[in-house]
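Chain naming follows the written order as A, B, C, D and E, and within any one chain the residues start at number 1.
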């Protein structure tokens, strides 16, 4: 829905997965620069939370999900205002505290008895991906904690509490110096795809479409890839 | 007059609560803090938090005080059950509280149709933030005031009645002033709880800058990208809370 | 004796708190509930929650009661500041509280080295859950008991001292029994808050079935895949809380 | 206002029926725990009796199915504990009643100042209740009750903690303000009863054991308690051969039938005290043991068992009395009044 | 134990110095607000005086740099409010002191039963404090203080709410238990002072205005308050031409110098009352206005201004007195004792 705030500005409300926070904020700034009198407001959160909110009437114009399953829920509820389009991918990476105290170099190392590993719980997308990778690699990881979100996993690693955590490559990049990333070949077998779609009932479908175009376009893709996302 | 040995566990307890605060403060990059705090997003969030928490506290006082009085001063069948139920938001994980509120005031909730007819869209508005905060903060107020009422007893109220004061006068001129300390600490607790409220808000109200993104939500969001910034911003929350608690205590001891 | 009109806002307040509970209950598939509740994961979570909350409440009583006594019965410079700081965990978003605990008791925290030397590894253990719950629940206990102490006054303690009772005897035989109602409601609040604790636990202790995954964490996790199941499980939490609150009230009125 | 009172409070063992006529002051006397405060609580509507009825003129206040709340009874009560509202000044405390009955702030304060003056506490007006002494607080509470201008005033030992220097002045105030009012006054002080009350009721063990005009009860006490506070000696027994329980006396009014219950009453000042029984003249001689000596101005009251004798200080000194000393109380039969009971 | 007491509490306007000898009972008299309770609070260590020193034998309890806490003073205090612990039974309340001093449960209960019996409250042992009457509670509090077996006992109007029927028995108990103990007894009742106290101190406005052996103070009161409670008339002024303030009398002891301050004291029973001034015989004639009438047994005490006269009931009736009646008090100069002050 469009909000009339102050001097006749139009507001575009974008609901986006939490992992898109910094990239979408940058895209939003660019969008505002290109559209006079338009303000982009974001609501970031877990994809499943966002879908639940939209289902309950939250005023979203655009929805960008971190996985296809949640976008499917939106479609199933008939709340998509146009076909979802994939705009980014993401793969897993091992995050370790700077200096890698537990000497982790491969996914197999995570099975070591003295390594404190944290992963996402199997119920959340990153956790599902992690267990798929483990299965394919034939490795049994005994995590000390199965976290509810990537942020929680990263938090344990940055604080040095855990020796290693399995997160997305974009998270490792975003965390900067506070973690080191360790790529592993098995990650290529489980690629996570991010779809985006306008939301049914938006007051300004054109603006929503233009935002999606910006994300899919060169400028958007450039920003996303800088942050470590892959191209779909 | 108090046993000396009591100071030992008291100090341990205080240290346990205070050390983590020190640990946070020690980690904050004080130079960055200023930029962070003066960013538009932070200012929006702080202002929204203060506004909604104040209104929520007011609502708690308006509706919670009568509840406390009814619970403390009357007896009716099933009172124990009502009391337990009223305290439930305390124990309900806030996210579940948010879901419950959605089920009640949401578009598809219990009262959704009625509210729709009235043209009221509660969920995902600033109103929703206030409702979420009121819901989680109410029990604090009720418990504090009920406790104060019970400890104060009814002797002064009886004396007032025998002087010809009708119940409303007794309530206004005797009961309320007598339990003022309990009322103030209840309100402080409710305000603090509202200020810190996160789970129910994000579920029921969402997180939209300037509309529903209160300071805790802003902090949560910041944590996705920059944990240190999030921690720094939470210091702002802490300072605001200390100011409010301090002012309330001051006002109370002056009264 | 209470003004009649007070019933109106009291009823509105009660409805506001109770309706969401009704809304939840209405959505629950009662047939599924049984399976859900008896699943190993749920039973583990419930048992863990009860154990840790009970210990946390005990710790709160052991360290919080002395703090409340010191705050209520002595005066020292900076007391106001200490009181405000002790109340801070109330207002700190639980996630930030969890971060603060990590910064303090974590491997690289303030006390990390000392704890390491002692061979204590707090993080990812049940101990961490208890610490997180104690941290968030402590202020509830302190506020309740301090309020009760202030309302009760010192007259009985003075009478006891003049009968030759030393401070410890006065504390044990007069102060504690006198503020028993406040103590019980403080403990109930602390237990309830511990039972519902989520943010600090997940941040500080993580989430592993049987070790650190308490009921709220289990509910949160379940919510990712099946909101209705999560809501149903939170009803279990509600029932447990009601039972505990009810029992505490009973025990108190019997005393 | 005419009060009719009738109440049973089983768990306190109280079962009392009494009337107070319009404009009359009734004193309620009785030992600790007799039920005096309970009576007042029922009248004020603070306690629902198990059975009973309280009627003020034709208005039923407490009755089966009826229970007028305290504030609507226009009954003010001053209990043993002053219960001044701690958050109000002394002046505001006293102004509370008038304000509750709708008076403006200015009028209420004027009335409050008036009543504070009447009880000699005008200079305390601006203090907080925590800053006044025990007796001062009780005086303020009295002013507060009077300022509420009730149609029935219930006073529960209002003067127990007041100093003797203000008592006469306060009694005078009470006399003036109680005149024409309907009042129930619980007191331990027989002077209060004598000076302030038209009628007296004596409670013992939750029951009325005596009732009547003040002078009559105190002059003709039938219960040990009334006799005790009236300062009179009382021996009860049956009337036989011109004596009650061995004490010869003169019947007042119709002579009781032989064997009928009766009481013999005589003043302590009519008693002579001897170390050994005097011979000869026709007196009642009662061998007793001294239990207590109470100086009373230039006299000493000697209590022995349940009897009392008043002698001069000199006589007491000459007799060399102390608790435990065996003595003989002698009283002329002409000084002993006998009443059938 | 010998108590030396010296304290200034500025904001209550109290500045008192007094001593109590070992084994002595000191009665403290004075009007409401005189500072009696404040004195006890300082002695008990409940209030730190602005300046002062409290010493028990050679032990400094309160002094610059010293403040022994209440529980270590071995001083028991019974205040106006009984303050029975609401969560303990009456028996447990009384056993509290012995148990606090280390007695076993059985011994403490036995002691408690003993003291409950002494104050006539044995049957209340198993009640809760909320279930006893005001007077009963005060009796239990008295038992509790006695059971604590203190070396110094501070009693603040312990008997104000007790009924007359138990007072003599209780006074006897007190006499027995106070004998040999060091006690400070605040009271409004001159009988308590007479019977229980060795010495009396009179406070007025926070200062000691009179002190001395009980009999001496009550027979030769110098302050209006002491005179009032002693039941004596007192006129103060300067001694000139054989009279004090216009009242002629006989100096007792050395005659004051002319113009020196003095008091004239006479008993109310020495006063004759007339409607008009009698002619002829050499009397002091004092025209006064009746303020109060107090029946006292077969006498009536007539209070007029600050003086009192005792007359028989018949005379009072014949004189047709009421408050406001102008009368003349006449007293023979030989009945008036004059003391230099």
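Just so it is clear, a residue touches a chain if its C-beta (ideal position, glycine included) is under 8 Å from a C-beta of that chain, and two chains touch if they have at least 3 such contacts.
Everything numeric in this text was worked out from a predicted model, so none of it was measured.
K.L.:
What is the graph distance from chain A to chain D, where chains are linked when they touch?
P.N.:
2
K.L.:
Sort the chain pairs by how many C-beta pairs are in contact and tell me the top one.
P.N.:
Most contacting pair of chains: B-C.
K.L.:
By mean C-alpha position, what chain is farthest away from chain D?
P.N.:
Measuring from the centre of chain D, the most distant chain centre belongs to A.
K.L.:
Quick one: report the Å distance separating chain C from chain D, using the average Cα coordinate of each chain.
P.N.:
56
K.L.:
Roughly how far is chain B from chain C, centre to centre by C-alpha average, rounded to an integer in Å?
P.N.:
Roughly 15 Å separates the two chain centres.
K.L.:
Cα centroid separation between chain A and chain C, in whole Å?
P.N.:
The separation of the two C-alpha centroids amounts to 34 Å.
K.L.:
Which residues of chain D are in contact with two or more other chains?
P.N.:
69-70, 81
K.L.:
Where in chain A do residues touch two or more other chains at once?
P.N.:
52, 155
K.L.:
Do you know which chain C residues sit against two or more other chains?
P.N.:
1, 99, 103, 161, 166-167, 170, 220, 223, 227
K.L.:
Write out all the pairs of touching chains, ordered by chain label.
P.N.:
Listed by label, chains in contact pair as A-B, A-C, B-C, B-D, C-E, D-E.
K.L.:
Where on chain C is chain E touching in the complex?
P.N.:
155-156, 158-167, 169-170, 173-174, 177-178, 180
K.L.:
Please output the residues of chain D touching chain E within their complex, sorted ascending.
P.N.:
Checking each residue of chain D against chain E gives 30-34, 36-37, 80-81, 132-136, 139, 156-157, 160-166, 168-169, 171-172, 175, 188, 190-191, 194-195, 224-225, 228-229, 231, 267-269, 291-298, 303, 323.
K.L.:
Looking at the complex, which residues from chain B come into contact with chain C?
P.N.:
Touch residues, chain B against chain C: 1-10, 12-14, 16-24, 26-27, 62-67, 69-70, 73-74, 80-97, 99-101, 103-104, 109-111, 134-135, 138-139, 143-144, 147-148, 150-152, 154, 157, 161, 166-168, 170-171, 181-182, 185, 188-189, 192-193, 195-196, 198-199, 216, 219-220, 223, 227, 230-231, 234, 237-238, 241-242, 245-246, 249-250.
K.L.:
Looking at the complex, which residues from chain E come into contact with chain C?
P.N.:
Interface residues on the chain E side: 44, 46, 69-72, 74-77, 79, 81, 83, 85-88, 96-97, 100-101, 144-145, 148, 150.
K.L.:
Residues of chain C touching chain A in their complex?
P.N.:
99, 102-103, 106-108, 123-124, 202-203, 205-209, 212-213, 217, 220-225, 227
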